[in-house]
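In this document, chain identifiers A, B and C correspond to the written order of the chains, with residue numbering beginning at 1 in each.
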Amino acid sequence: MNRDLSPVLDAVGGIVLGKQRAIRLTIACLLARGHLLIEDLPGVGKTTLAHALARALGLDFQRIQFTSDLLPADVLGVSVFERETGTFKFHPGPVFTQVVLADEVNRATPKAQSALLEAMEEHQVTIDGVTRRLPEPFFVIATQNPSHQTGTFPLPESQLDRFLMRIELGYPDAAAERALLAGSERRDLIEHLAPALDATRFTQLQQAARKVHVAPALLDYLQALIAHTRHSPDFVIGLSPRAGLSLLNAARAWAFLDDRGAVLPEDMQAVLPSVVGHRLHIASGTSRLSSDALAARLIAEVPVP
Amino acid sequence: MADRVALGDRVADWIFPARGVEHGPVLLTQRRIYIVPTRQGWLFTVTLLLMLLASINYNLGLGYVLTFLLAGLGVIGMLHTWRNLAYLEIRPGRVEPVFAGEAARFPVVVVNQAGFGRLAIGCDRADAPLAYGDIAPRDATTITVEVAAARRGWLAFGRFRLFTGYPLGLFYAWSRLEIDLQALVYPQPEAGEPALPVAADLDGDSGHRGRGADDFAGLRDYHPGDPPRHIAWKSAARSDRLHTKLFDGRVGRELLLNWNDTSSAMPLDARLSRLARWVLMADQRGFDYGLRLPARDIRPGTGAAHLHACLEALATFDSRANGGQTGAVPGAT
Amino acid sequence: MRGFEPRPLGTGRVLALLGAIAALLLPHATRIPLWISTATGVAFAVRALFAWRGYGMPPQWILAALAVASAGGIWFSYGALFGRDAAVALLILMLSLKLMELRSTRDALVLIVLGYFLAITDFLYSQTIATALYLVTCVWCITACLVAFQYRSQQPRAVPALRASAVMLAQAAPLMLVLFVLFPRVQGPLWGLPQATSSGVTGLSDSMSPGSLSNLSLSDGVAFRVDFAAPVPALGRLYWRGPVMWDFDGRTWRAGESPGAGISGIDTIGEPIRYTVTLEAHEMRWLFALDVPAQIVEGSRLTGDLQLIAGRPVRNRLRYDMSSHLDYRFGLAEDAVNLQRARRLPRGFNPRSVALADQWRSAGASPRAIVQQALSMFRQQPFFYTLVPPELGRDSVDEFLFDTRRGFCEHFASSFVVLMRAAGLPARVVTGYQGGVLNPLGDYLMVRQSEAHAWAEVWIENEGWIRVDPTAAVSPQRIEAGIAAAIPDGEPLPLLVRTGNPWLRQMRFGIDAMANGWNQWVLGYSPDRQMRLFQRVGFSDANWHNLVIALMVATGVVLGALSLVVMRRLRRSATDPLVGAWNALSRKLATASPKLARQAHEGPETYLMRAAAAFPQTREALQRICRLYADARYGPAPSPTSAKDLARLVRALHLEAGGH
């Protein structure tokens, strides 16, 4: 385990109980400079996880509750007409922060969603013809309720690609749940959480993670995985080159978390379900598999070179 | 020649009875590959015999050299032809659904694990044009065969032959296969644009009304944070208060496409064609549409996956399983 | 057989095919009548233009008309449609017409196969090493065309096709060698008589006039080569007898009818010397042997004037064993009719010579003395041996003996015999070859056309026919050391005959040794030679049956080896020793417990965990192995010895200790 990131994991793990793997994936996602989509039922600790993580990493945190009447300006910020001076002054929106929690992102209209998604993609926003850079590092952790509810706008498939990973938290196990019930209020714990890192240090770690070695044999493996999704009838659409790159970066971050200098096939396999789950579409002819089961099948069918 | 190969196929069937569809990748091992000389191969053989006779008759030492060199070439060519097909791995590719009347494109994925390229590998399926592919060393290529899809439902690729004549064309090596390849054929959409059914099932005005930016809906007082280009400057000139223009983006118009809306006087396939056209129109116009068939109900939705689900339901619609083709939707309210 | 249906051609491929076939036909261009080569050239050019511009092919009836016209033209030119030359010409014309039908790849394949057949027709006319190299190159290109026509992708790919063709021809070469050596040979011809080759073959003829031999001497073509069983006798004793000239018309000597068999009249002394002659085709029936032959070649006969005459003209290179006695007496009891013939001279020619001879005879000299007088005349008066003698008029002998006195061997032999006949002595001219050049590289004697020679034979009572070489009187070097030494510098002697430049000389020997080997082993590999080769390698009972068995065994072995070569990269190979050692671990663990075989999708860490759970005692060793493998395979800087180390660790792993 990486020396710098181990305390972060411990700190967040102390608040979000029984979710070691999800926390690790979240950190790996942020290390790989990716955005994260958490898809789960309300109340399983999505917000807590995001908040605690920002806190432990020493990053600024803002939460935007997406609602159906949310306007793009509510996310990005507005130029307000000031009567006294007769001019417009820009008021930055909540997106101008290091960690943005976009809660229930599928409740807002596509317009509001795309405002956020463009900011995620470009790391900048353009309002009234003026381009403004977002702070670095910049992460979006979006949450989405999985069930089909009326009046929601599920993120379109093309937009899902902008998230490096999609994870599910799921219910805690019995022991964790008991600890949760017995323990104090999570919100208070976060308030008292001491940052283990700061933004500068984290940026350095991101850069170091990019340098994790990738051997030709591993690239062979990655290519074989991608080729399989393109050829196999199990998948409606194969993985795009961008998905391949995402997989590689995520695997690097995972290896870096493990304090290893080179990516192993296992790193690839560890991040694969989260990275490709929301990018793969299951063919209708086959029995309906969950995206996790599909990823497991992909791993099982492609030999490690 | 065709008879002879057909005979070859019969012999092959006798030695290896049709094993039915093979699931997963198929490796072309030695025993699965047959090889015979082509017409050109026989011509070549006869020519070699003539050359041998000429060499004997005229005592041509070099004639023998050339004759035997070419004989060796023929034998080596046979080895190379066989090798060109041997140990290829054949997998089914992903078949995109098509509409009846179009050509279904069956991708046969050919994987070459060897350290040399495979050239001019052909795929021969009855009633389909031949398709060819080249496969680089340690690479895979998809050979796509187009088969006319006449009827809706599942269209199986069936038995086919993978063959090659490369490099000399003097020999024909082939292997017969049947892999898990089938195409979903949607019903052919009705021509023209039949009127969409009246939104009888739309529950009143419950279509979601959100504030979008499509149609002007009115003015309200300006609040800090409203986008400047939405400020109604003309009204600001008239009064000293700022107004913000409101726009009404109507989203989420729902539409239910019902089997019962099609005339029961129409034949089954015509009704399905009409529904297919409706589905396409609804998708194109951005409706939230659902499909109600006897014994099958698809809730309203949008997107490619939804479209596919609807068309698949139409493609695989089985009237007998659903209580007759004129059967009304049970319990439709 | 779908897939072999006609397909359209590509322009590039058509042009390449036209080029390759045109190159194949090129050697025929000068051998066939001009109108055929022109028509063929036009056909190729037209087809190339059509391909370039994408025109359609001409209609069938035009081609049919052209085919009939071609056949008529052949009939007109050759007087026949069949027979070697006519058939070749017809084949070339039909191929040219077939070009106009070249529409699909199927037509192209027919053309290519026809091209292969045409390649062999070139060998009817020339079988030199150069021809072989040229035609193999052509076959290479044509085979590349054959490969190119199998490509299905649109892009014409010349280099891969040429490479594939070269690889396959190279792989075919061992098979060719086996078939060539072991395929049971049959002695041709199987049908008909091969036609005479067209002119251009140089060699002795059955007549001799001033200048004919000196012209022949300008050729450096090889007449025959000789392998001696024993050391080669002195060059001066090597007289290779050819046509014997009996009849003289004042200017030209003719062989005329040879006297009947007279082998009975030969007295020989000592043991014969044995040798083997490889005679080049010369379209005549003489076989050359040293005087006098002690045996005859099968199918030949020995005439009364010691000529060895074959049953039919020598059209192919011929190899025969021969033995000769160099010391002999012959013709003591010569028939009176022959002696009368050997004294005949045309009336009214060469009066001065006749007068001189009369003078010698009336002086009452013995025949020996007359011979000596003639020789001493050549020796003492200013006669010159030269390749460029002056022109001679009607009384050629007179002019040579008394005016010009410059001549080549035919001048000396001819005038000597005329003198002898005029003096009443029976005499005749013998043509043939004298001497030869010993090739030190091949250890054989080569006799070129430039060694062509003429000498005289005189019949003397109680002595028989005696060889007299008047050239030796004038130029002893010619006989002792060869023509190159005898001819003055500056005279036009063939380049390869000159001895001056040692480097040139060496090259000349090298080339001829190669040609000799080629002749002996490629062109002259006859049924007889095949059997002898077999006997030499130890098959005492070399018959057809054994040959077939040997052929099948050898072909099987070579094919097996070739299959291994062709198939070597067919299956996924674990050639990487690192992967090999890693797979060895999987095998080892699988032997201990079948469930522990590594699954295809398991990475090193996952596998380690599973294996270590089963064998907790060996956890550390397993850990070391997996770490080493992971570092070597996926790490940034693998150690060069990691494959070996890994193999060693896997070998040293003991699983029993922790078995479960």
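The rule is simple: a residue touches a chain if its C-beta (ideal position, glycine included) is under 8 Å from a C-beta of that chain, and two chains touch if they have at least 3 such contacts.
Being a predicted model, the structure only gives us computed values, none of them experimental.
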Could you tell me which pair, A-C or A-B, is linked by more C-beta pairs in contact?
A-B
Kindly work out which chain lies most centrally, taking the average of its C-alpha atoms as its position.
B
Please tell me the distance, in whole Å, between the geometric centres of chain B and chain C computed from their C-alpha atoms.
63
Approximately how many whole Å separate the CA-defined centres of chain A and chain B?
34
Using mean CA coordinates as chain centres, what's the chain A-chain C distance in Å?
81
Seen from chain A, its contact residues with chain B in the complex are 68-69, 71-74, 78-81, 88, 91, 109, 111, 128, 148, 150-151, 156-157, 227, 230-233, 235-236, 238, 281, 283-285
So, in the complex, the side of chain B touching chain A is made of residues 91-95, 107, 109, 140, 142, 180-182, 184, 208, 210-213, 224-229, 231, 242, 249, 251-252, 299, 303-305, 308-309, 312
Provide the residue numbers of chain C that touch chain B in the complex, in ascending order.
1-4, 84, 105-106, 109-110, 113-114, 116-117, 119-121, 123-124, 127, 131-132, 135-136, 139, 143, 146-147, 149-153, 164, 168-169, 171-176, 179-180, 183, 185-192, 194, 316, 522-526, 559, 562-563, 566-567, 569-573
As the complex stands, chain C meets chain A at residues 600-606, 630-631, 633-636
Chain C partner contacts - residues on chain B that touch it in the complex
1-2, 4-5, 36, 38-40, 43-44, 47, 50-51, 53-73, 75-77, 79-80, 83, 86-87, 113-116, 119-120, 122, 124, 130, 132-134, 163, 165-169, 172
